[in-house]
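For reference, the structure I am asking about is given below.
Which chain is which? They are A, B, C and D, in the order written, and residues in each are numbered from 1.
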């Protein structure tokens, strides 16, 4: 991860920003956390190389044409009192052929590598790991068919392995609903739209570990701006460990799974489980959280057969993620609260999580009344799409306590 | 709508031919159209194998040309009208065919990398 | 009329040229609907397919529309010869055939809806109704034009030496007919399934 | 603005009493005069431009800070949708139409367009369509699905927002289509004697290409909008994946129209620049033939690149290659044009009036837009660029730096033609430089914020994009402030010059083409006598001749025998300080009285039916019917938006009655004629 730029370099950049006319020349030195100019894998590297090569050609053409315009304007300006009529030139065939053929030659030179690359990139890379990507309004879901893991917002991938994303759009669990989105992590690959009713694919690969920023890039309605995503590239060993952890069930949910139907009816809390957490468990069922988020895994998962259809993000390993709600809120506090790109501490931002669970539409623009997004559970607000009357604060706290067990 | 009076003279050769077909010829064309429609209709009952669709399209094309050429006087009128019609027709067919092909090319395996 | 024609740059009446320009663009219009229909041939969402079409019935109404082109051109022919009585007769005959066609289409639509092919049912149904429906609207506009033309021959607004007016309306009418020639084959006759 | 003369005698024989006023409000409401219609287009554009500007302020104010909460997502989404719709459909396109209206008849030597009442119909339909779209404000249903209205989102947004979009654009589209039929017919069929195709001014050529693009592109969007209207309001299934509908069909139809639309916006500006540059360089346009064919080529190729808007949505590898190549090669004709403009100046005596500055600015800025455009054709990298601010920067360099600069150049250039007064040059230069700086400050940094990963259409600037991106956004916002000041300078200049501008004389720029042969402001009849054209730059050829030793000199007064009868001498308007008045030979400047006297004595009207008591120049009479008929679109529009059959029937009947009233009314009193084309408009 890159650090915040120093004060000095920031000033230098300010000065650069003013020299806009020569913008093309300053490309090389600009930074941003979501930049497309700093590729970190082969599928972003090749297009980038081609683009920068074209940019140089464009810069030459730019300087030539603008120079010609300025020179011509200056050289042939009419001086005061000069009322002569210049020679009435109507054209020059040789010149016109020149400025038809030269651009044509330049374009052919650009076209050849472009065509080659288009064809090369369309092929499925060897030994690719498949991940299913599902665009919802307004968050991303990822499913790993090889291991049965489901996660959200943060796409976790191993370094050095080509990833084949098979992408689609869903809404309310229906594969043919939903709207267009576009999955984009600029450091790793270009973007590709997800289209309801179709499966589109995208190749990506990270060559070094890191947390790469991305964002939905196809307008998808109200909260399009709040649909961000991250790609987390881990060393292969770390990735194996991550998968193994994700396959495990929630300990609390597993404990409740051992209860008899009668005990569940009586809302018994198993031994070793905090009473507040237990209350949260039952509220999670009764307040209908499960209707959207699906059941918390009580059994280990191993393959695509274990996928649970759900309308909202699967929460079994919520705390393994660093951000939530379309990656617009930090689940963990940052070392520097003022820097949105600072490293994370291991302190959960309970306040933010509570605010979200209490009244999500007040935190992020959503329309639960139309079945899109999470409803408000705050009493006295519009609870359409959720639980009539909402949940009192102490119940919310219990649900939070339960959520905080989902490591 | 009559134009405002200009003193324009003709700078494009007038090819307008006032000799339209006679009523008799129109009826003959209509007879041909009748026959063609009857043939089209018959394809509903007779199977022509792999030639079935091409045959229908050819019949359609002939009918099209008869109506456009004789009833709309394209055969006798100035070239501009023919050009307008052909531009519209060919343009529409090319563009929509290209769009259809593009639509069908995509379904799978087309990632950008 | 002729005086004005000879003054134009191309020696054509503005109105006739304008009509042709407009018809050129109409190909793009119907082309898009036909493309959508062909794209959605098989997306019937479990509803009725093209099997529902009654070819015999549609063939008859198609034939009526085709023959209306004959009466239209005969009306123009009569007008050219200054025979306003015949011209009126043929115009009425054309309008009548148009009405038969539109009436037939209305009946066909009703029948289809009763059999479960509704515009909101599937992309196939939407495309079918919108394509043929817009054609029907074009025919209806044509009928209004014809009836207008017919009534103006009585008021003196259309004179016996102005066959161009009949010709221009005729162009529109024949164009609508031509589109149906295509629709009849592409939508009804070709067994796409 | 334009003064008018000689109201025709009227004898009412229609349902309504025929309007006779040529001036005042009534004169405008009932006008069929292409010049007045052009002026009304212009004023409508100014009003819509203001609203489009307000929308852009909402966008820029929101993005001036990271994670800003100044406006909420809903308002922002409405703002960028409305901004796009307004600028494309209610500003740049109709501003082009304003110039088409005013200039095409003048430049080809005609007295009006082919169908004057259809022309009025086009304007009123456009205006009502724009007002209809904006009426969504009162229903709190401003379109919020983007100007591109991608299905299925546009069909799923709750409320009537996207119904207003579908119906509003449909109405505006009808206006443009009827105008296209009109202008094509006019250009093909109403040229003055001797005005062969290859003698037409380049603006007329570009107008012809533009209107053909409109003619063939608008039906496509009409179909798409009917389908969308059906899906949004009436429950049809065209774009509904749930029943097998294909959202990509919408994209193809939209961009089949949408890409030619780009050229529809830019070509009129290219035409204007091709008029301005030769005039102020005192040289003919360099490579006229190449310019014309490049324009036609752009028109053709412009229809073959649409899928480059969809590289990341659903285009397979073959499509990517094919559309990538066409996208690249459309740069060739564009490049030809740019070099031809520069070489028009080369070797000339370039006078930098404000109009010329804007034209040079056009060439310069458009070049930048063209270069960034080529990068989109690198398909693999387009997957990075698309839907980022890199694209926003690109198309603003094309449509603002290109189209708008060219059109503003036209405003400065033709203001004297329309009003007989000059726009203040000092203020004009202030306007130009602030405009240029503000423009580059606004859209230049967007290249950078785009490359640094800022996506389009996001209501919130994510904080995590970093301080550089924020800085570039703040620069953009500052740029809009500069542009606002610049626009105010222009408005002040425009209004004060309109009221008390310096008199321009008939030919303040020493221009080259026919329109400047008429007095300024243009009289009601345009040409007292229709000129016979013998050369490409007809007016210039009449003013100047080349001597045997190759020196070009003004033709002495009354010596232009080669070009028809010398016109009687009137009083020559001489303007101090504009430089060229002395070059205007006296025989060109004609006073109205002399000309009218001449016309009366010698009937050039050519229409045998023309009323004898008139002065034999036969002009279309004003009519209320276009206005009355167009009003029918309002109930029809709301009916289609709110699914109200009563309103739909009412609107359809209204249109039909309007049509019949129109038909019953003769084009001009004494001219018993009838107008079928209006029927299909």
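The rule is simple: a contact is a pair of C-beta atoms (placed from the backbone, for glycine too) under 8 Å apart; a residue touches a chain by one contact, two chains touch by 3 or more.
Predicted, not measured: the structure shown is a model, and the values here were computed from it.
Undergrad: So, comparing C-alpha centroids, which chain is the farthest one from chain C?
TA: A
Undergrad: Out of every possible chain pairing, which has the most C-beta contacts?
TA: Looking at every pair of chains, the most contacts join A-D.
Undergrad: Report the inter-chain centroid distance for chain B and chain D in whole angstrom, where each centroid is the mean of the CA atoms.
TA: 33
Undergrad: Chain A to chain B: how many Å between their CA centres?
TA: A distance of 51 Å separates the two centres.
Undergrad: Between chain B and chain C, tell me the centre distance in angstrom, where each centre is the average of that chain's C-alpha atoms.
TA: That pair's centroid distance is 14 Å.
Undergrad: By the touch rule stated above, which residues of chain A touch at least two different other chains?
TA: Only 46-47, 117, 121-122, 189-192, 198, 200 qualify.
Undergrad: Which chain B residues sit where two or more other chains touch them?
TA: Correct list: 1-3, 5-9, 11, 80, 87-88, 91, 95, 99, 103, 106, 110, 112-113.
Undergrad: Of all residues in chain D, which are in touch with two or more distinct other chains?
TA: Those would be 114-115, 188-191, 195, 216, 220, 244-246, 248-249, 253, 312, 314, 316-317, 379-380, 383, 606-607, 675, 677.
Undergrad: Write out the stretch or stretches of chain D touching chain C in their complex.
TA: The contact residues of chain D facing chain C are 114-115, 177, 180-182, 184-185, 188-191, 195, 215-220, 222-224, 226-227, 230, 234-238, 240, 243-246, 249, 253, 606-608, 656, 660, 663-664, 672, 674-677, 679-680.
Undergrad: For chain B, which residues are in contact with chain D within the complex?
TA: 1-9, 11, 80, 87-88, 91, 95, 98-99, 101-103, 105-106, 110, 112-113
Undergrad: Quick one: in the complex, what on chain C touches chain D?
TA: 3-4, 7-10, 12, 14-15, 17-19, 21-22, 24-26, 28-29, 32-33, 36, 39-40, 42-45, 119-123, 125-127, 129-130, 134, 141, 144-145, 148, 152, 156-159, 162, 165, 168-169, 172
Undergrad: Tell me, which parts of chain D touch chain A in their complex?
TA: 66, 72-74, 76-77, 144-146, 150, 152-153, 156-158, 241-242, 244-248, 281-284, 286-290, 312-314, 316-317, 320-321, 324-325, 328-329, 331-332, 335-336, 338-340, 342-343, 345-352, 360, 363-364, 367-368, 371-372, 374-375, 377-388, 440-441, 444-445, 447-448, 451-460, 462-469, 471-472, 475, 544, 546, 550-553, 579, 582-583
Undergrad: State the interface residues of chain B toward chain C in the complex, per the touch definition above.
TA: For chain B paired with chain C, touching residues are 1-3, 5-14, 16, 20, 22-23, 26-27, 29-30, 33-34, 37, 40-41, 43-44, 52-53, 56-57, 59-60, 63-64, 67-68, 70-73, 78, 80-81, 84-85, 87-89, 91-93, 95-96, 99-100, 103.
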